[in-house]
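Residue numbering begins at 1 within each chain, and the chains themselves are lettered A, B and C in the order written.
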Amino acid sequence: MDRLVFLLSTGLARGAVLALFALSLVIVWRSARVVNFAQAAMAIVAVYAAFAITAASGSYWLGLLGALTAGAVLGALVERGPMRLVPHDTPLPGMIVAIGLVMVLQSGLAIGFGPDHRPMHAPFSQRPFLLGDVPVLSPYDLFVLAVAAVVMTVLALLFTKTSLGLRLRAAAFAPETSRLLGVRVPRLVTVGWMLSVATAALAALLLVPTELGLNPHAADLLFVDAFAVAVVGGLDSPVGALVAGIIVGVLGSLVTGYVSASAAPLAVLALLTVVLLVRPGGIFAAREARTG
Amino acid sequence: MHAPLKRTALLAVTGALAVSGLTACSTPDDAEVPGVTKDKVTIGSHQPLTGPAAAGYASISAATNAYFQYVNDNGGVKGRKIEYIVKDDGYNPANTQTVVRQLVGEDKVFAIVNGLGTPTHSTVLDYLSQQNVPDLFVASGSLTWNQPDKYPNTFGFNADYVTEGAALAKYAVEKNPEAKVCVFGQDDDFGEGILSGVESVVGAEGVTSAQTYSTSSEDVTAQIGAMKEAGCEVNILGTINGFTARAIGTAAQLEWFPRWHVSSSGGDYPTLVGYLGEEVGPALLEGMVSANYLPFSPGGEWVTLFTEINTKYNGGAPFTGNTVYGMSVGYLFAEALAAAGQDPTRESLIAALESGSLVGNGIVPLSYSATDHSAFRSVGITLVGKGVQDYEGTTYSVADGAVTPVEAKPAPPVNGGIPGK
Amino acid sequence: MSPTAKTTLRALALTLLAIAATFGLDPFRNYQLAVAAGCFAAVAGLTVLVGLTGQLSLGHAVLMAAGGYGYAIAATAAAEALPESLAESGVIPLLAGLAGAALAAGVLGLLLGLAAARLRGPYLAGLTLALVIALPSAANVIPALSGHQGRSAPFFGVPDALSALIVVEQWHAWLAIVVAAVAVTPLVVLRGGRAGLRMRSVLGDETAARLAGVDPRRVKTGAFTASALSAGLGGAVLAIATQSVSPGAYGLGFSLLLVVAAVVGGLGSIGGAAAGSALVVVLPWLVDQLTSALPAGFGQRLNGTLAVLLFGVVVIAVTAAWPGGLAHLRHRLPWPARTAEPPVPVQNTER
């Protein structure tokens, strides 16, 4: 029982980061109909910026701000640059460009900064509180959960309650009609990318202090798991990202704890297969699956 | 014929012919020894210089190369300079295949030295054996390298994982026979070897909890939590440096401070401090037990020599266990080369290694012989005390599952650490 | 002459040509040729799948690995089961190994195909990505795959009759070329025939295809299986050339490289797949030649990374400027206009 509580709480913190990253994939899919395979690489570029800023200023919070800014700028650059060069009537060209970007960014980072791990420190203690005898969430975990909750709430409000959100959705779902109605579609696609990559950068920044250190591949596994999360939840569904994020986070923790570390990726694969066979568009798929 | 297909094919063929015209078909001259000329010996290695594994290992070959530069500046070995070609395989077995074939086929190396990694080097074992290329000092503690009947040209370097596991467990049991012993290991032959070494001492029942990790996932909280819950008192780790740091750091976060007994592949103090940070690292690592077989004692003659070489020929790179390891490999090759005669051949090199006359620079003499291709059968126990990692004085020899204490007999450097002078 | 017979004759001619070319290569280049041939089989499968049915698989490295493992297990079993006199020549274990490769990759491909038939592009990409990541774990959990260290595959030396003439690398290049030809030729036939039309109709408009009596699910499943068979044989080629199969060799990086080769060659084009595979093998080698001339420290950092960077740039450039890839250098076509016809014409110039 103690062990279960411990594993659940460990999985929860990991799940929050996963959900946040998955949400970033959902945003870019909703606004640009692209699965951004380069999301992890772009996020890590932003985290390198944060690392440099924190190192220079001594402030974690300036670094965090830097990561968000760098993520947004990078999102805009990529969308205005390589992504504009290819058509988006099918998802394929966008995916392939993104794959190319991963290669460019990761090897660029490796050439520029070398393969070393650069330890990053958490702004709060990572020592867990005790619930009875069982260690549960640490102050840092709570910070991660709080940040994830705030970001998700803000984004949800943005998409559902503001006119920018409405235009973003309209531009994504019916670009031609939106344009006819006076929506500046290209600009909104750029905004979607900026929001998305900034969110991804934040998720990666939250993750790195819990790992060995910053390196060009630090977010690779996060991306793979988050992509699984986004697919399980339904690429169109922010709620799906949240729920599936927690599910995958906890599943990974339980399987690692009760079975073995190497069984965890297999468990994710199995979950993905089962969900997709039952609901090909993910758990929270829109009722009417869009073609294309 | 498909027109484009035909064009492509023609292009391909013309291209191939053009390339072959440039490089010419190579038919090695049997009379000559590959890689050996009047004034130079060329050897090669495959190492992870890029990719995730590079962080932990790229400094090894740099250190080896620095040692060879030092030897070369002092006249080389028997008048021959040593050229060390290091190819990057990114710890990917497919790349290992390519670069080793390139080293053997194109660069015509005399021998492959210190090829790094079990999954990587395993894939080229058969090839090197078929090509009759000396395959020396493989950088891994797998037992695979010690099969003289099957692979007569392959020699291991690291003390094997089973030996280390047994020695670390023996030390734990001798210090405290009642302690609950647990094992945390990588999910491959490294972790398995350590576990089976530990089991050979305490029995399968004696291991309270055995957990594994996979290098793709850096979060080890679930495993460390399970070990804590199981009441482990001595944790024997078959982990690489990064994951040793993860394990100790995660345990500390859980307010858990058991004893740590760490394999030589993951117990390097300076590297671990680098991962854990200067603020908390030294405190967390105080009292850490590890195994080793190389002369890394601070202030020792070898370390003094290696530090000088590191400063002069390696740009003053951080001096870590990898530095000692890489230079020791270089020294051992130089010693073998010197023993292979005035005009070394691949056969005389192997014969020199199998003669049992090589000493090396370890804390015990090398165990190479015609029937044993493993370098170290004994390991010493090291301790971290007041921020200094050094031999504690206990040395164990492991043979046929029995662990017996032996006397350490380290060989000091002679002639400035240049063999054959 | 029937189109199938024509294709077969062409394949035969090309195979002989390629075998003749091996005489012009030194052992290392013959090894590279064998590797390129293995990749070619996989990339050809992938390019037909993506180009004709629009299904992006990121998991073709796993299908190759399945072929490699199937080959290693079956060939080893056959070599051990046979009396020495029969096993010696190596022909029966070789054939058993190839059958094993086709079986393993075919079954996995069929299962994936069944899933793929239900999934749209990004969802399939997600599933296949998870599959690639799970490969090392699977190798750990399934005892027959022997963990990270991988399995060794039986070695086939040069037959006595040829041993005076060629070295082992050239012999393996021959085997590689023949197996790749056997793997790819059916794909060419399939692509040029009714099956190819069905695939294109599914890509174009599933509803219209259904009206015309084509079952999109069956077509997609079939295409995936055919593609997997070819990839599996490609994996067998690599197992022959390297005498080993290990999960580390078939990671995400390699899987992405296969996609790169298909894209650079031109999606849907078999000739392009050949060119793309050659590029994937030769470019890292060229970069290595280049970087070894640079000062050690910097050259070291560039060594494994510069090639990847260049691949990335090339993929983006090709996708943006030259969607037809290398195969269409001569008649450059733009991506189809945004809402215009499906991109059939782009991939359909070879007939």
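Before moving on, here are some points about what is shown:
We adopt the following convention: contacts are C-beta pairs under 8 Å (C-beta built on N, C-alpha and C of every residue); 3 or more make two chains touch, one makes a residue touch a chain.
Every value quoted in this text rests on a predicted model; they were computed, and no experiment measured them.
At the far end from chain A, in terms of centres built from Cα atoms, lies B.
The pair with more inter-chain C-beta contacts, choosing from A-B and B-C, is B-C.
Here the CA centre of chain A is 32 Å from the CA centre of chain C.
A straight line joining the Cα centres of chain B and chain C is 35 Å long. Counting partners per residue, chain B has 50-51, 58, 187, 214, 216 as the residues that reach two or more other chains. Residue positions 133, 136-137, 140, 301, 305 of chain C are each in touch with at least two other chains. Residue numbers of chain A whose C-beta contacts span two or more other chains: 110, 114, 221, 262, 264-265.
Residue ranges of chain B in contact with chain C, taken from their complex: 1-5, 7-9, 11-13, 16-17, 19-21, 23-26, 49-51, 58, 62, 65, 86-95, 97-99, 101-102, 105-106, 118-120, 122-123, 126-127, 130, 142, 144, 187-189, 214, 216, 315. On the side of chain C, the complex with chain A involves touching residues 50, 54, 56, 115, 118-123, 125-127, 129-131, 133-134, 136-138, 140-141, 206, 252, 256, 259-260, 263, 301-302, 305-306, 308-309, 311-316, 319-321, 323, 335-339, 343.
By the touch criterion given at the top, residues 29, 35, 82, 85-93, 95-97, 99-108, 110-111, 114, 176, 220-221, 224, 227-228, 230-231, 235, 262-266, 268-269, 272-273, 276-277, 280-282, 289, 291-292 of chain A touch chain C in their complex.
The residues of chain C lying in touch with chain B in their complex are 10, 13-14, 17-18, 20-21, 24-29, 31-33, 35, 133, 136-137, 140, 147-150, 152, 155, 168-169, 238, 242-244, 246-251, 253-254, 269-272, 274-275, 278, 284-285, 288, 296-297, 300-301, 303-305, 327, 330, 349-351.
Across the interface of their complex, chain A is touched by residues 50-52, 54-55, 58, 187, 211-214, 216-223, 225-226, 229, 242, 245-246, 253-255, 274-277 of chain B.
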